[in-house]
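Down below are the structures I want you to see.
Both complexes shown next keep chain A, but they swap its partner, so chain B is in the first and chain C is in the second.
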Partner chain A sequence: MHISEGVLSPAVLAGGAGLAVVGTAIGLKKMDYEAIPRVAILSAAFFVASLIHVPVGPVGLHLVLNGLMGLLLGWVAVPAILIALFLQALLFQFGGLTVLGVNTVIMAAPAVFCFYAFRGLLRRPGTPATVGAFACGATAILLSGLLVALALITTGQAFLQVAKLVVLAHIPIMIIEGIITLFIFLFLKKVRPEMLEGIYA
Partner chain B sequence: MSAIQEPFAEGASAAHRLDPRAKVVVAALFAALLAVAQTYAVVLAGLALALIWLVLARLPLKKVVARLLVVNSFIFFLWLVLPLTYPGQVVWRLGPLAATREGLVYTGLITLKSNAIIIALIALIATIPVITLGQALQTLRLPDKLCHLLLFTYRYLHVFEQEFQRLVQAMKIRGFKPGTNLHTYRSYAYLAAMLLVHSYDRADRVFQAMLCRGFRGTFYSLRTFSWRRQDGFFLALSLPALVALAYLEWGFPAFLRG
Partner chain C sequence: MLERKFKVQSSKFKVGAAHRHNFSLLIGKLRHLNKWAAGFFLLLSFGIFSTPALAHRVLVFAYAEGDTIQVEGKFVPNTPVRQGKVMVLDKKTDKVLLTGKTNDQGKFSFKIPAAATAQKLDLKIVVEAAMGHQGQWLLKAASYLPGMKKASLAPAPALSPAVAPTPVAPGAKTATVDAKMLEEVVNQALARQLGPLNEKLAEMAVHRTTLPDILGGLGYILGFFGLWAYFQSKRKKDT
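What follows is the complex of A and B.
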């Protein structure tokens, strides 16, 4: 979920922007010029994948896949997500300029966390990798939901109920993302294992 | 039809013809200022300023309104919850629900702020084609790698959208009907995975093609930005307006009061 312009307090906006700058700097440092086409084309594919609407009962939820992005890119996921969010703000006016930092942290911090938290599990063959892939997709969404809630609550106590609803709304997305990430992981492992080499590095 | 478009980028209005660098700087300052503003007077004045820019851009009104409605979904959600949960004096009751005056005032402020910023961004930033914007950001000294990443990502968005449509069509031809079941989720996962695999292969080919053409880590742009008199006017009118907004919000800074 994107937080809109004009909602968060200056302190939260500044904090988010600061963290996003640091994360982006680390990501850019780890990405050499030769990797730019690979990262950019992958990030374009992720952008398009987020246009897929998955039916859950009566509503359609769009895919986020930030867990998978972390899995494939590690720290480089931060600039890739920043660019994707920037393009969403430009093309659809979703999110925005002043909240770009906060929204980047909301999506990218869980991606990087999941990369380090689950890559050990994903390296192992059989069931552990399957469990790891599901956990990676689900945890990334859960953490994103919690970060949205945190950004809202630190803006003002008045947002407490809104924040609770936001976290609740993330629970179905979490399960769907877990399942989808799991199937994508198994598919890539079978079809193009070299795409997953980041987790073995 | 493609979902990824730049509906506002084309045009020959005054706002379209301004130097993108000037527009980026003014829009960024405006957005930052309004995001920090806490008073109705400043936010309303900001909204007026944004509307002036929107008039200058002469965009199709229907499209702008339609876009604003979609973008306000988070704000609608806030209206459903915030007035009912904000502590303060109760002004309206419906069964167990009670809206407070402070809640309504606060949610109203957020709504105006949010829309003022979005309107300004539509008028000033969405009127720049993304490619031009990438080059403008580069001349504004953003990291090279980040600008390249932006340009490259944008370049391949359309390619993968077409790829995506092709795959969806192939699924439909084979009688795929989405529903709430594991088969649907698996099919969509394979669809996304196939997109990623195609992107990986294409990235390889693109990079090899770049090496063949002597790529050495820099892009050379044939485009040069030229500063014209209108850009000077735009800055000369916009920057004082922003200063006035800041003055309205905070008054004179201490060191100027004397």
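What follows is the complex of A and C.
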């Protein structure tokens, strides 16, 4: 999901950075004192998740976990993802500092969207919540893939072609992330329901 | 005295009991935390133990072998970039010198363009993989010029005096030709033998993610949020 340095045009980079700043500001405003440890843990999880290599598909892929971030954090996922991406760029050379804004939007926007889209489903007991958790994890990846394709339009690559490629390549990840999100959701619901308070707020 | 000793012993015993009691409490607490912590650490350990299996970055490295340059592109850790677009640019002006495609092993090789040798250009080699991934490698002129055959250098128009064949006195002609031929043969043999070594070196120059990177990153994240929490707590107290 990380777009490399030197691929995108300055206009796209600036646009991405602007959106990321706005999102981060909203996220920070919504992050209350009690939420900080939770955000830190999830940011750390996101940071290492990108190292989990999934050896399927034509290119090497890794976990993203942005659906899970959205599910648990809502808007606060934006600063959490921004920090993790910043450190990934610095320490792993994933993405890069100039593309940080665009990459943040690519991964955080679907997280926030999925939070609001699946909140209703997740609040309900039983099967709907389970389905919602899976869909939240899978949809976030799908949307991220589409955003990658969108960002690459400006480089002269045809949207449909790239979108098809990205989405097809990420189908295994969508399924895996759906399952991971589902299990973590069920686990937290049983063991730490207070982690899920964002959904009910 | 005996009494005192007894007392001491009993108090010791008490301490021991209290200790044990505390310990069992701790175990109980731990067990409570267990499920939650286990999940988190499982996730973390995934990350740590799968470090050699990194994905998602395009590594590019290139080295000269005689008058050709070998380029290899791969996704970390080891998946070749198949049919990736290769662009060779002049580092200073970003002018594209030539383009190509990697084969199914992620490799691409090209003859060093005459313009590059003539102006001693540093080459920027970019490999573009699908989905917005790309990587690059800088090949300095100094690292490919010495390995080139004199023959291929000769037709280049602007030769520096250092590499130009030195004017030869008629008497010493056979000797210099031999020397030249010898040099060429040695150069070829060296290029052949140093090829794999160069490849290895180029590969080693690439930064790969290490455990300290990961732990350091986690530390930074906890530190950032710790700072944030600190300032928030201050503000909370003040108001």
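Operating definition for what follows: the second predicted complex is superposed on the first by the 172 of 201 C-alpha atoms of A that agree within 3 Å, B and C clash if a C-alpha of one lies under 4 Å from a C-alpha of the other, contacts with A are read in each partner's own complex, and residues count from 1 in each chain.
Basically, a contact is a pair of C-beta atoms (placed from the backbone, for glycine too) under 8 Å apart; a residue touches a chain by one contact, two chains touch by 3 or more.
Computed from a predicted structure; not experimentally measured.
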| item | value |
| --- | --- |
| Partner chain(s) touched by A:Leu61 [first = chain B, second = chain C, both, neither] | second |
| Contacts of A:Phe159 with chain B and chain C, given as first, second, both or neither | first |
| Contacts of A:Pro37 with chain B and chain C, given as first, second, both or neither | both |
| First, second, both or neither for A:Ile83, with chain B first and chain C second | both |
| Touched partner set for A:Ile179, first chain B, second chain C, both or neither | first |
| Chain B or chain C, by number of chain A residues touched | B |
| Partner chain in contact with A:Val148 - chain B first, chain C second, else both or neither | second |
| Partner chain in contact with A:Ala49 - chain B first, chain C second, else both or neither | both |
| Partner chain in contact with A:Ile3 - chain B first, chain C second, else both or neither | both |
| Chain B and chain C footprints on chain A, overlapping residues | 1-4, 6-8, 33, 36-37, 39-41, 43-45, 47-49, 51-52, 54-55, 83-84, 87, 90-94, 162, 165, 184, 187, 191-192 |
| Residues of chain A touching chain B in the complex | 1-8, 10, 13, 24, 28, 31, 33-34, 36-49, 51-52, 54-57, 63, 65, 72, 79-80, 82-84, 86-87, 89-94, 96-99, 158-162, 165, 176, 179-184, 187-188, 191-192, 195 |
| Chain A residues touching chain C - in the complex, by the definition given at the top | 1-4, 6-8, 33, 36-37, 39-41, 43-45, 47-55, 58-62, 83-84, 87-88, 90-94, 148, 151-152, 155, 162, 165-166, 169, 184, 187, 191-192 |
| Partner chain A, residues of chain B touching it in the complex | 3-6, 27-28, 31-32, 34-36, 67, 70-72, 74-75, 77-78, 81-82, 84-87, 103, 106, 110-118, 121-122, 125-126, 130, 133, 143, 145-146, 148-150, 152-157, 159-161, 163-164, 178-180, 182, 184-186, 188-200, 202-204, 206-207, 210, 217 |
| Complex contacts: residues of chain C adjacent to chain A | 35-36, 39-40, 43-44, 46-48, 50-51, 53-58, 75-77, 79, 82, 126, 128-136, 207, 209, 213-214, 216-218, 220-222, 224-226, 228-229, 232-233, 236 |
